[in-house]
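These are the structures, in structure tokens.
Both complexes shown next keep chain A, but they swap its partner, so chain B is in the first and chain C is in the second.
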Partner chain A sequence: MHIDQTERRYIIFALLLVGAFGIAIAISSSAYSINVVRPESQIDPKLLTTPGATAYDGFAEPPENRLRELSPGRYEAYIIGYATKGWIWEPEELRVPAGSEVTFYVTSADVTHGFIIQNTNVNMMVLPGQVSKLTTTFDTPGTYNFICHEYCGILHHNMYGQLIVE
Partner chain B sequence: MLPVRNSSLVGSVEKTPSLDWRRILTISLYTFLTLATVGIVSFAVFRPILVLPRIRLSPGFVMSDQTGSPITSETFRGQLTFYTFSYSGCDEASICPQTTADIQRLTTHLETLETGSLDIGVATILLNPNPVDPADLSLTIESDQVKWQALQGDSLRNKYVVGQGFQVYYSEEVIGLSESDRIPFAPRIVLVDGLGIIRAEYRSSQPDLAVITRDVELLVKEAESSGRLSKIGYEAAHLFVCYP
Partner chain C sequence: MYKTANRLTLWNLALGMVALFIGGSMGPLQKLEHVGINLYSSLREIGIASYYQGLTIHGVLNALVWTTFFICGFLTYATVNSLKRELSMPRLNIAAFIVMVVGLVTAAVPLLGNLATVLYTFYPPMRASGFFYVGLTLFVVGSWMVGWGLLFTYRDWRRENKGEKTPFVALASLITMVMWQFATLGVAAEILFILIPFAFGLTDAVDPQVARTFFWFFGHPLVYFWLLPAYLSWYAMLPKQANGKMFSESMARLVFWLFLILSIPVGIHHQYTDPGVPTGWKAMHATLTLLLFVPSMITAFSVVASLEIGGRNNGGTGLLGWIRKLPWKDPSYAAQNLAMILFVFGGIGGLTNASYNLNVTVHNTMWVPGHFHLTVGSAVTLSFMGISYWLFPALVGKPLWSKTLGLWQSWTWFIGMILMSNGLHILGLNFGVPRRSSLGVAEYLQSDWQPLMIEAMIGGIILGVSGLLYYINIIGTAAQKKKLEEPIVMPVAEPYHPEEIAVQPAWLDRWRPWIVTMIALIVISYGPVLFDLISRYNPVAGFKVW
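For the complex of A and B:
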């Protein structure tokens, strides 16, 4: 089979790229324990806020208690996206001290949402029935907006909250 | 008229067949890449080896046990350890997320499992704000085969070991008349392997015992398959996320 020389070069280049990415994934996975994003767990969206009904008891706390301090400088936040309550994140505001490491557990009670915190690497798809989890550190004081970036209905553009780093 | 080129006309001159190394190398390379790709995809899809994920390192600690003797995380090296969390006086299921009965249920089940030469133990970290006098400790687990130990430390140490290390939430604001009346916390059981790596987290006080059995069997199998060749297979399983 004849392959043009230019085409052949591009094929080899593409294969080398695939190989390089494979090596990068292998090194980051084995040496640095970096895993690709995957669903944390499954959960019944109808029982999210029922105490003791799911493995994620943080969702059953009142919204003002859904940011919990694990240890000094380390927090976990349980956030639920609602379209049926008027396109909101619950809780809508979180406050942590600068330098805090926060693990976000995010889920949806109704439809598919997207969760992104501006100026950070937190960017997740939020599906009903599934818990998405990501951890990040907030070193710089300021206000970080978290918004829905997957169209979820007529007032999708109103769906945002704030994480305030003090 | 163009000259006719026909090698048969050359007569009896014979050429020694030469190997086309470039072609052989190209075919070998493509064959290797194809086999490697098929092998990797097959391994990831059919998952011939299942492993429990290596979640993160278990925290190091120095605490005291139920007799008041000092105990460190190194004590649990070389054995499978189920870490549970509770507090002295945590007996009523209505107010306590993980009672003595829950821990006893787990321990009794672990007694029935075949672990070969691998020891298995249960450690309960007490969340009481202040260490409880061993004589007043109202939390005891009975077991002949599974070693159970209660661990307790001061308030700050507890917060770092439990909150930061095991990432288990508990409140330092005790609800009730006495300090041990009620301590809100998230029920959790954490499985740590003999190397001190967290391999499973169960976000419930009463996890499915069939899942516990499966996880212990997987860890025992992995520990028994620590030969050079099989170890490569297990490392590949970790790399390709062959998790149950």
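For the complex of A and C:
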């Protein structure tokens, strides 16, 4: 097949370019652990709040106890998204001290939602039947909105909560 | 010349244009809503109950209906005129069109009745009226039948022209249609096995993760179904319109084959943030996506080289002087060249989206509509408008009503899109503003988003005006008395190196190896992960939440 000299060079350049991008991605996800969600155990959305019914007992706690301190400065938060309770995250507010590392476990009691925390790398879909888990560290004090970013019904735009870093 | 094909093309174009008119008119309303000017309450009377119903109409009519009708029409015309042969089974193609229309009407009734406000991605367990899914299925089946009609025509052409090479335009059209047949299997499986039984109450639960995976099996090649007809025009037609030649015909063929094999096994790059999909599969699809970027890079090179030949033939000199000698006064040309420029930015943004973990910085934020209005909203839609500036006159036998209006339309689309897309991109990237949200009334709205929202709104209004200019011109063309002095023929560029055609390797005109490779790649990239997800099938109940 005839390929023009310049075009040939250009194609080699294109291949090297995507190769470099691939390497950059591999490095950023392994060395800096900037990561995407990975599968957790599946869950029955009807039994989320029944103690002992799922592998994640955090969801069965009353909303005010869904933030747990595992060790100094390390937390886990269990958050349930509801369209059917008026488009809310439960709990709607979390407070942690600056420098905390928080692991979020998020699931849905009804339809598909999305979970993004502004100014962080936490961004994941939230599906009924699945648990979405990501960890991040909050160094700067302030208010971080966690917003539902997948259409989930007529008042989808009201679905958000706040994480306050003190 | 080819009466049935022409008439079908015209009908497809016309319905596509109607769809874009209705769907597109929602766009400026969305932008106004974001800055607090809510016009939806006055739309209640005409049956649009909410921002989200409007957005569903916008997505379905623009992304699915306008594109598919236009493509079915354009590729029918392109295949027939390239093979120089009328459709072999005209009744099949007529039936195809009827099935598409019946499907559209069946889906439109619940859509307009606010019974299917599920957006154009219809993720379960939201449950729309069953007729919405039935209608979409028929619409897709109709588009399959268009492809079958073209393939039968091609088969007969081959019989009649033993040993001849398939002309590039026909080959590219057919590759696009064949890719579509395989791509839509994903959404067909989702709708037939999961959503229809669910919507009609035969099952009361579905697994949203499995459904999403089938959807995106289709969802990514869908974007290549939109894009390849535009590429076809850029490769083979635009250089002719610019008085140039096709720089590298063999490369163009290779590029289309690469799209055939690589369009489908990359769908999981839309699911990087999905909880249920194992990361290994995400990484594999990310790698294939990077490879898929290469044929687009080649396209950029070849097309620009072909246009440069034209610019130089027109007397352009120097490193960049040829650019001014391109036919910028021809609206069909200008629209498509501007579309290509916007696509450069769309492509770069797309690469960002595709970059695995980088995706978390933009996923489902306003960046994403910023991105795809450059691609489907410009590279595709503005190119199709540009194509229609010669194709529509060719079909109705009347000259384009106003070239000046066409130029204004092209440039206003370009400028409006730059403003809107720039605003949306930054809103998403810097502020994490979510997409698909009635932002004007959202409690989390922040005042520092306002300048960008206003910029995007101004862009949206300019786009709306541009759309109106387009329809004025099309209606003016159809309504005028003037007739074409001589018929318009499909522009097809000659190869720059005719000698290369003679030595073209045979595998560039052979279907079997490519189809086998495509199927193998699909099986490897989707087989195990679909098996895994289905074996963990975890059904959940359905809801109507609008």
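Following the convention adopted for this analysis, the second predicted complex is superposed on the first by the 139 of 166 C-alpha atoms of A that agree within 3 Å, B and C clash if a C-alpha of one lies under 4 Å from a C-alpha of the other, contacts with A are read in each partner's own complex, and residues count from 1 in each chain.
Convention: a residue touches a chain if its C-beta (ideal position, glycine included) is under 8 Å from a C-beta of that chain, and two chains touch if they have at least 3 such contacts.
Note that the structure is a prediction, hence the values are computed from the model and not measured.
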Partner chain(s) touched by A:Pro72 [first = chain B, second = chain C, both, neither]: first
Contacts of A:Cys152 with chain B and chain C, given as first, second, both or neither: second
Superposition-derived comparison: chain B or chain C, residues of chain A touched: C
Which superposed partner A:Ile3 touches (first chain B, second chain C, both, neither): second
Touched partner set for A:Gly58, first chain B, second chain C, both or neither: first
Partner chain in contact with A:Thr143 - chain B first, chain C second, else both or neither: neither
Which of chain B and chain C A:Leu15 touches, first, second, both or neither: both
First, second, both or neither for A:Thr50, with chain B first and chain C second: neither
Overlap of chain C and chain B interfaces on chain A (superposed complexes): 15, 29, 35, 38
Contacting residues of chain C [partner chain A, same complex]: 50, 52, 55, 117, 119, 123-126, 207-209, 212, 247-248, 250-251, 254, 271-279, 282, 286-287, 290-291, 293-294, 297-298, 301-302, 305, 351, 355-361, 363-365, 431-432, 434-439, 441-444, 497, 499-500, 503-505, 508, 536, 538-541, 543, 545-546
Partner chain B, residues of chain A touching it in the complex: 15, 26, 29-30, 33, 35, 38, 41, 55-58, 68-72, 74, 76, 103
Residues of chain A defined as touching chain C within the complex: 1-4, 7, 10-11, 14-15, 17-18, 21-22, 25, 28-29, 34-40, 42, 44-46, 83-84, 110-112, 114, 116-119, 121-133, 145, 147-154, 156-158, 160
Contact set on chain B toward chain A in their complex: 33, 54, 56, 97, 159-160, 162-164, 167-169, 186-187, 203-204, 235, 238-239, 241
